[in-house]
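Please see the structure below; I have some questions.
Chain IDs A, B and C follow the sequence of writing; residue 1 opens each chain.
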């Protein structure tokens, strides 16, 4: 009844869990996170005048983000859910998912900072998935 | 170790992601959402005096809901999680899941409006799943 | 592209959905919940001076927790997500996941009470999974 196999669907779930955990916590590793994107990847966020183009731009941006979160003393979690996966004829995947950003300051209480609608284009590279394009649009914003 | 196959489980996850996205966002399509229910479907919400009986009643109700959300200028997301799926001998499925309703007004901040416990009866129709009965009970309410 | 099969991954998702539902709702069953742990299981929570060692200690603790939630008139839900599963050579599983604790008092409104980072060691017993060790660390706490 589906157009993707269970293996592909759960691989994508696991990929996202591992990807986002790379930048969450005391051992955040922005470089490893950047490697989950292709060299020519594009990261597009609604509200930003220009997308980030290329892994190095994405790396610089996530480094800044991770440093800011650490400086603020926050535990930050990204939840992805309500995942839809569609396979393209060329073997790549189109995904749509919701994201929640949950931040807990030292001593609490936590805040759910944002709800986002996200679309990825995932491509297979060397036996794993990489993000070729990510587009995220924050709810509550009309661009 | 499970009584449902991975394919059935992920198909249901994907079905819910697609179903709920049909009524979330600028291109909300209440008619397409209504088609994810059988013609004789029943939608039962704790606190409502009577369930909605039949796809046309469900369609009318969701149209009203979607129009209300649009009029309020909200981005509204339904998250389903903690999914349990049990297969019936006749090929239908019983599911139980938690739902969160997340609303973001223009300019924010978002609010998590409700936590619900949901039960569905899903039946196979023409190579896809349809909801024959949905029962939702909002936490915090004692009916 | 993954190191676990879709069947294992979805079995764990279903196991968690069933496990946590056992202690959520009017028909909470702390004894059944305790049975999802091995007899020699260890439950470790950041901030507690000592872990709970053994199923009976875990059972006593969850009974107390469930009674406290009932006395407070709360509907309490645990959401697990962003699941990562790794298979060990001995057939056991290591999992990492995020958890949210959502509490709704009678009449509302709900509160998202906590965000946690969790690690489990799951072992196969009699055709199902059991938790041999669970370690949970609440965000916002530096132990």
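In this text, a residue touches a chain if its C-beta (ideal position, glycine included) is under 8 Å from a C-beta of that chain, and two chains touch if they have at least 3 such contacts.
Here the structure is a predicted model, which means the values were calculated and not measured.
Visitor: Make each chain a node and each touching pair an edge, then name the shape: line, ring, star, complete, other.
Guide: complete
Visitor: Are the interface residues of chain A and chain C largely the same numbers on each copy, more than half shared, or largely different?
Guide: Here the answer is different, because the shared fraction of interface numbers falls below one half.
Visitor: Taking each chain's centre as its mean C-alpha position, how far apart are chain A and chain C in Å?
Guide: Averaging C-alpha atoms per chain gives centres 26 Å apart.
Visitor: Give me the residues of chain B that touch two or more other chains.
Guide: 5-7, 9-10, 81, 112
Visitor: In the complex formed with chain C, which residues of chain A make contact?
Guide: 5-7, 9-11, 13-18, 20-21, 25, 75, 77-81, 102, 104-110, 112, 124, 127-129
Visitor: Considering the complex alone, what residue numbers of chain C touch chain A?
Guide: Interface residues on chain C, with respect to chain A: 1-2, 4-7, 9-10, 81-85, 96-98, 100, 112-115, 117, 138-142.
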